Amino acid sequence: MSSPDSRGRFGNFGGRFVPEALMPACLELESAFVEAWNDPTFVDEYQRVLREFAGRPTPVTHLERLSERLGINLYAKREDLAHTGSHKINNVIGQTLLTQRMGKHRVIAETGAGQHGVATATAAARLGLECTVYMGEVDTVRQSLNVFRMELLGATVVPVTAGSRTLKDAVNEAMREWVACVDDTHYCLGSVMGPHPFPWMVREFQSIIGREALGQMRDLGVDPPDLVVACVGGGSNAAGIFAGFANSSARLVGIEAAGGAAVAGGSPGVLHGMQSLLIQDEFGQIEEAHSISAGLDYPGIGPEHAHLAEIGRAEYHPIGDEDVLDALALLSEMEGIIPALESAHAVAWIAREAGHGIPKGSSVLLNLSGRGDKDVAQVRAMLRGES
Amino acid sequence: MKSLESQLRGLRDAGRKALVPYFMGGLTPDWTRHVEAAVHAGADAVEIGVPFSDPMMDGVVIQGAALRALAAGTTLDSICADLERLSTSVPLVAMTYYNVFLHYGLERSAGKLQASGISGAIVPDLTIEEADGWRAACRDHDVATVFLVAPSTPPDRIRLIGAATEGFAYASARMAVTGGSSGEGAGERVVRQVRDVSTVPTYIGIGIGTPDQARAAALVSDGVIVGSALVQVILDGGGASEVEGFVRSFREAIDGPRA
Amino acid sequence: MSSPDSRGRFGNFGGRFVPEALMPACLELESAFVEAWNDPTFVDEYQRVLREFAGRPTPVTHLERLSERLGINLYAKREDLAHTGSHKINNVIGQTLLTQRMGKHRVIAETGAGQHGVATATAAARLGLECTVYMGEVDTVRQSLNVFRMELLGATVVPVTAGSRTLKDAVNEAMREWVACVDDTHYCLGSVMGPHPFPWMVREFQSIIGREALGQMRDLGVDPPDLVVACVGGGSNAAGIFAGFANSSARLVGIEAAGGAAVAGGSPGVLHGMQSLLIQDEFGQIEEAHSISAGLDYPGIGPEHAHLAEIGRAEYHPIGDEDVLDALALLSEMEGIIPALESAHAVAWIAREAGHGIPKGSSVLLNLSGRGDKDVAQVRAMLRGES
Amino acid sequence: MKSLESQLRGLRDAGRKALVPYFMGGLTPDWTRHVEAAVHAGADAVEIGVPFSDPMMDGVVIQGAALRALAAGTTLDSICADLERLSTSVPLVAMTYYNVFLHYGLERSAGKLQASGISGAIVPDLTIEEADGWRAACRDHDVATVFLVAPSTPPDRIRLIGAATEGFAYASARMAVTGGSSGEGAGERVVRQVRDVSTVPTYIGIGIGTPDQARAAALVSDGVIVGSALVQVILDGGGASEVEGFVRSFREAIDGPRA
């Protein structure tokens, strides 16, 4: 995957649509990132922290029993084993180091279910940065344990009472607050979304997933796999793993929640500082996404994904809630890995398409973006409600 | 129809500090009567908000108003239809987020605005770098595109914005979203910086909530924009007469004691 | 640390005190383990699974901010990053592979809070082994999410209604059930306890912690650290890390929960198949342990630890509940790592003794045996109850 | 006092199948009256359980009895004190877990048993490998150590146990803890295997819950041990007369029809 153009465009998508007050910060961030990313000292430190603190490299696991069941050769890149339980840590380690380098002493972040908030609070604690996390009020109630987790990590959680009081509004609110504190505060955005340079920077910080996986698959003699499959909320874990295989012959597949399928059900638009694909009504009002998994409950998709979809380099498919629970149980029972509900979307698509959209015998690399521990209470409630 | 900018330059040339109240289109069924009341009370131009689901640059008051207007079924079309009922001579400036226009179609939006008597547009999430398409559409329809300048905007960027903005330059007094009143007011500095590089009228907005604030801002600029405080009056149930009283109090403060 | 004698004795402790019906299984297990452990094919597979499935090696993290605060040089071996969230996975990977090798198709296990149960269910799922977990009825209620987790992983959870209906009784019950199904079933014991060869075998399966840590500390230029500190329930994580440093000059320190301090407050006795130190009344009735952390809620200690205490090679100190919450918050806030309540005992001792029992400037290796996610709800409730 | 083994060999030589009921010491205040009732009904020896907090070899019935006895304050001392009230001629065999004796002191425990008229001990978690210290203590006090043989015990180990056990060999009929009735009965095979290597009397226990089971077991062994079923009678509120009736029914089944 290549760098965006000078305006932060990936083809027709991307750019920078922010209040003028934030433009200097976006420009400062862009140049700080470019400079840091070209500075071996910074890159070394970023990699060292990922290795010594966050547990990288994460392994690739050959899912032997499930492979046999599905008639394909299935491998999982184990982001569930990264510190805090998902790939989110890769990005926040990068951004907090950059915050420090920019001489700022505080970060703010948005969070939906709390994964990115917990990751940000974690990375901030490690460096002694102040941290404030904006979280829709509805989510603070649904995910009160994650609120407590962030507080334990020393962060302040601010419930957002605007709009639908969920993730979308938390992003709006974080942007608003950033306007007021942009001098000493970095906005640590959680996915490959938002204004340039975020979609690019976050992809770069996540591309370690793909780089590791490429080498690991080579070591396993699968070079490249026939398919690389990842779930897509904003799209950071997908972008991270795709980055390793974009120049290969692998089919790149992103799986969106059916209730937030910006590629299958969206249209071009501008939200949260970026031009991309969004689900919106006929007047351009953004619709609320609805998914069983909080991390995919986002009405948009990162601009680079919109571009990859447009040029046909990657394909994006929706998966409905009903298939996700089954997939979660399947992976748990067959392989001893309880996936995050988000990641279970990718599992569900693979399980459904094996032998159909995925020819028998294919080698498939699944990005297991996170662990399901955070979701177990919800899954239990849903299974009980259903049965 | 005269262009927005020539009208506003005319005001300045006449020595009049512009008072620009903000209304959320569709907030109440009779919202256009509020506009009329404001004009009656001395507004020189009116900003008309077209509600958007995700108003990133707005504080709680205007957010609330936008949600209420949306819930009432407000759309760009309905606002434009409502405007047919409005008879006023002052310039109207639409304020909304880029997606509303983008999704409606840039060309179609600009045409719609023009047809409804709107001669300018403020799109706070549309920066000069991304505005080419929109400006081209506006040019064909005599719609001015107003850009903002923030306290954080560096001089070289102010030069670009000063050159790009049409109608007036919107000088944000604060590093804040609409309704924000905390932080230091930097309106005077921002206006001065714009004036260094441009002759466009420069109005101060963001955080102008009281007649006193308006007077102080008007002293150092060409006009003031009053948004959240006025919208709050309407959210609190105020009708045309409250609006008129509110706007009049700002007018009087700006114009100074008559006696 | 050396092998036990032919009766499974570490000095005066250990041995095999089981119903005669289980003797053949214990003997079979011993010889199967000895044979497997000397078979490079087995060891390779065990190591491969730990690497590719469980995320080993886990990193050693230099806790920079806490080090500075405490005036020592503090490092953490990050077992919290191992699959399922603690060191327990190391042992169950070994035992389930051994189960398969012995031609058995089923495992049973005891569990307290559920960590070992979840780990066992995980490892069993991976191999397609049947799995039944015995869990005190009180604990099935307290830790109902872990029950569901095990069920998701395909295991059957049996509530134990005998006795105090907690961990101690779950062990008794698992032993009883093992009598009835010993032909096709392996008892996958969760710590360095029970009859020979369990204490030895589990230590061997856990010694990968110490072997890794030794090399990692060398790479960090700390060879050896002045102290190696681990929490002790049964003592498996402590035994695992001690194994790497027993032959070094490092002080080995085990931290027990004050309410289950078998070294500080116990006396020699026989329970659960082993001779060791136990907390018991004047008539040899075993007392219930009481700890904030379910994993340390055990009235005994592994026999090798009793031996190390007796010969003075390791020291064992109790830490009370009240210090543990503070330590958990400290590590969370200063380093972005929420430790398990068990591991927080070791943190608490280090924080208390730095500059006192631990001379300023010492290098200290903490075994961070598990992550605190499982405990967050409990910690919140306790902090709210207190404030 | 004659040794346990000579007494039990004597029974066998006399052609009598031994019936050995089990009582949990301290289960009720009058538990020794239950023992007497059993003897009255034809018990040839009595097993007396000393309750332990963690009875790994016991099923729910005896676990429950142990906990109840412990809650009532039962200790090795209290049981031995109670036994002073007991007047009976049949041998008594203590049954408990190793920790009870270990903690009390091996020597002291053996002495205590002897002083209370107990001539044997069954310690189900004490295997022959670990028993040296205990046996040495017992030897000094004429206390026999009874070992168990399980269906899973291989022939070479049966040989060792056959040589080590004193008083009798306890042949477990099942791979189960006390009270266990599921699984195949293997008592007959186990007894045969013990007899192949030893002349010690061999009794079948574990899962003997009905007179019919007792009769069948007695046909192929030298005696039967009845535990959980009898303890259940007492847990259900049965007194001395129920105990007597229960034991008598087993006695009659074992001895066969009198008529």
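To keep things simple, chains are lettered A, B, C and D as they appear, and every chain counts its residues starting from 1.
What we mean here is this: a contact is a pair of C-beta atoms (placed from the backbone, for glycine too) under 8 Å apart; a residue touches a chain by one contact, two chains touch by 3 or more.
Model, not experiment: these values are computed from the prediction.
In terms of the distance between Cα centroids, chain B is separated most widely from D. Rounded to whole angstrom, the centroid-to-centroid distance between chain B and chain D, based on C-alpha atoms, equals 97 Å.
For the pair chain A and chain D, the distance between C-alpha centroids works out to 66 Å.
Per-chain CA centroids place chain A at a distance of 34 Å from chain C. Pairwise chain contacts in this structure: A-B, A-C, C-D. Here chain A touches chain B in the complex through residues 7, 15-25, 162-163, 168-169, 172, 175-176, 179-183, 267-273, 275, 278, 280, 282-287, going by the rule given at the top.
Against chain C, in their complex, chain A makes its touches with residues 51-53, 55, 58-62, 65, 78, 80-83, 85, 121-126, 128, 145, 148-149, 152-154, 328-329, 332-338, 373-374, 376-377, 379-380.
Put simply, chain D touches chain C in their complex at residues 52-60, 63, 67, 70, 75-77, 97-104, 124-127, 129-130, 147-154, 157, 161, 172, 175-177, 180, 182-183.
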